[in-house]
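Per-chain numbering from 1; labels A, B, C, D and E assigned in written order.
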């Protein structure tokens, strides 16, 4: 192991993570969650057309490689006249991807809230939309924290594909350093360590969030 | 209470020929029901006989397949019309759907329900549970709603629990909060679905006592219950349901001491004397 | 940002560029042609040639770094104006794209483990296994020689496989080997043979940009004439590799 | 779109999937499941050392990129004298990976079986091991089918990384064909379609399995 | 039944000074208990008083922190020893752990338990549920086990349900299968934890009737129950538990008509007359 290389490359790698990986993951996750809620509601809709749209979306997103999704957004869209810069393209592609995966989580979480909660909302006069936002979603949130944080951890690692569409992040930095030094094993291990650090911090955040949300729920 | 007097007159709710199926399961087969102002109607019957379904039809949680409901001399809500609409092609169906929606909401806005498993909102405090309906739906100013809520909580002995979360309460306390949440809506009709059957026996009393007081104050109530003692003491009328039909109805004294129907007699025997 | 920078009309317009910027795609991980040095700066022979060409044409240059998988797709999609990444001129590519005059002419070397004496010529590859990067045309040469080809990401992995004895050989650019031998410990490997045929690398553009290719040709001629290309060759390989 | 290319490359791609992707995914999934059970039991163990080992394993596997895991097994292990062929390396790496992800699923599924089932096993005289195998796991199986089939679908797509360690599968085939024809977009879209086909078949299988396991469970 | 006679003699189980805490919650505070062969002991008390914990201590589902248990004149299982072991350093702890393990298994193998929520194995048929213990643990040949199981199922009126899955049965049927599963182990002691409290009222009778028959046949039983009628008719002794202590014990006739303790009286009042 070339320790000098490890030391020299630590900051560039970390910087690639902090300036590329993390903002990309955060932005995509935030937008993806909103999308996921919409898709989950489509899937839960009693209207067969809407529900089919939701199902088809999830099926395509989850059934095809993320790499191809990135390709289509960045290199395919210009053919129909839409040309976006790398960062917007990456955020769109990852958001769409998160939307597909998280939709299933959100849907399951909504279904996990006892039917009696909807009924209580109904009896005190609430519209379904209001019941959803004030009663169901706050409870679904607790249930969906663990699976959503899995989705987020996967996303953090998946952002390494963004280098394909010209976004510089942690993994791209690692490739650059590896190409220069030929010590790909060392550099990749170091990158893995930084990913692991990020994920560990995330997991700690998840625990804190779960505790917070547990406050008002029976054990 | 100030509104006690004007509750004791005329039929508040009339139900005629209510039918309801779940798939192939024909659960209600023509249920008639009349609830006068200030009445306490007890619905009894074996598990699966349709008690809950009757109750839920009264507040729109279920939409009957046929029959009509009339509230307080208001317009007749005719579920038959809807069934007819179903044959009437696309626009007929749409009108029917719209009507059903309006009907359901109309029913619901006159009544309030207390559930078997309380269904309190676990992420909100006791107070927030109680004022949710008044402030969010009825647009009562928060101040007013809180004031009323505190008054009601004090009445059921839970003034000091206003900031507790539901899981911090005992089962009996949870049910009492459920009752307060219903009262806070100031409904014309209170619906209870076995409010004590999920409770530990020594907690049953505290809930029944509150219900008894409400009855004495003149609230109109429909109560599904297995507490025959309570029905006997508090109800103005008892309905025995079996197989989706009201088999027998009458004053509690008559039903419990001298049931006209063999089925009623058997049911009472099984519940009151399980070991004989 | 990508592509469209300035509004000032200049040299770019006639060449079909949007503005005065030449957008050049490169891998950035292909030493010594296109890579990042210790300071993180993008450098390399192809990079500097592209910079010189742009300067000669009076254009700004903007590099877009991506993986080989995406490089032609991006060219097709108009994301890049050209590629500077040792793109070898092949008949298949010539059918689809337009090449400039070549700026690198090199031979291929057959590299084996230092203790391997079985393979001394390309003919010996018959039935053997080679590690090749799919991006290079050496891939085809290995196949023609009867070798089984294992695809790897790049040169470093090929060397690792050779040293671990998992493949018998790798064919790559002599320039890549030279650079590696000059900067890293290459005691585990050696050159077993060299091709007679030379391969030529050039800038590549889409057919609509034929004018750009012509302009690049002109620029390369001038850079050839004033010795710039030779100097760059000296800098990276110790010799002129442009012809 | 070059339709001739699409037609010509369909069989090679499909073959790459059937001879590479699918067997690799199946073998890794089977081994990974066994591993997942072991890790889940470690994590559930009351022995703090064992439970720490389980947690650490899951943390490392989930916190680091799969690509690095593949590299370590294939390029790194020879440095400590263990040199495996591409296929065994790939199967080991993917199994270890599945083991980490599925361990959490298995653990959650075991915890989801009501405590009363363990107690019923105890009262009729069963050892914990026997309760686990005869009572808990059959019930946990039903719960874990949906999340495990997600793990499997991810695995199918992740096997594309095996090309990095010289295993020829669907995605490698696509790269070869694309590199030769320079038609990356067309070929990748086609590959995506084949992945989607595989995933759709899998999803159908999942449904069938869920129905079967639902047979004796209340609704 | 052939073994009826030899069940009616001597103390089958003696418990002395049982203590148990969950964290800071000191749930049992020195419970003494004696169960003779053929006795039916009823444990009553408010929710949270520790009834279930007592029962679970008798079959090893909980390990008491202190106290001793003795089965059928066998060796004394001393949980105090274990507590002592905890001070005794590492090897002491290990020995204590091993002893506790053996003790728990010994307790468990003499008894069988019927749960409040049946805890039947949902993925196995009724018959498979019943023969699981005999065939898998007691190594009874399958033929024999099936024969006995069918006999027992017939006795509780469920012969025709042998191939049904638990979820296809009513609550009362599920509990009867639970009883049969316990009987099939041929235990010395049957433990019941509120076997009817999760049932619809009209189904309670069918389960209590089976339990009454078992008592009459001479099975030794400890029953946690809220069915005071049942306790009164069937129990040979009633124990009233409050705050982890046996506050009062005696013959049902005495406890129910003339409780010595004020706490007992209050509890009975609340349960028997919730509305007063």
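The criterion applied here is as follows: contacts are C-beta pairs under 8 Å (C-beta built on N, C-alpha and C of every residue); 3 or more make two chains touch, one makes a residue touch a chain.
Chain-to-protein mapping (UniProt): A, D = Amino acid ABC transporter permease; B, E = Amino acid ABC transporter ATP-binding protein.
The structure displayed is predicted, hence computed values, not measured ones.
With centres defined by CA atoms alone, the chain at the far end from chain E is C.
In this structure, the chain pairs A-C and C-D differ in their number of contacting C-beta pairs, and the larger number is found at A-C.
Taking the mean of the C-alpha atoms as each chain's centre, chain D and chain E sit 45 Å apart. Separating the centre of chain B from that of chain E, both taken as means of CA atoms, is a distance of 38 Å. Centroids built from CA atoms put chain D at 51 Å from chain B. Among all residues of chain C, those that touch two or more other chains are 69-70, 73, 76, 157, 160.
Chain contacts: chain A has residues 71, 75-76, 184-185 touching two or more partner chains. Counting partner chains per residue, chain B has no residue touching two or more of them. Going by the touch rule set out above, the chain pairs that meet are A-B, A-C, A-D, B-E, C-D, D-E. Per the touch definition, chain D reaches chain E in the complex via residues 114, 116-117, 119-120, 122-126, 130, 134-135, 138-139, 215-219. The touching residues of chain E, when paired with chain B in their complex, are 46-47, 200-205, 208-209, 212, 226-227, 229-230, 233, 267, 270-271, 273-275.
Taken in their complex, chain D has these residues touching chain A: 59-60, 62-69, 71-72, 75-76, 104, 150, 153-154, 157, 160, 171, 184-185, 188-189, 191-193, 195-196, 198-200, 203. On chain C, the positions that touch chain A within their shared complex are 1-3, 28-31, 35-38, 40, 64-67, 69-70, 73-74, 76-79, 154-157, 159-160, 180, 184. Chain A contributes residues 8, 12, 71, 74-76, 78-79, 83, 85-86, 163-166, 168, 172, 175-180, 182-185 to its touches with chain C in the complex.
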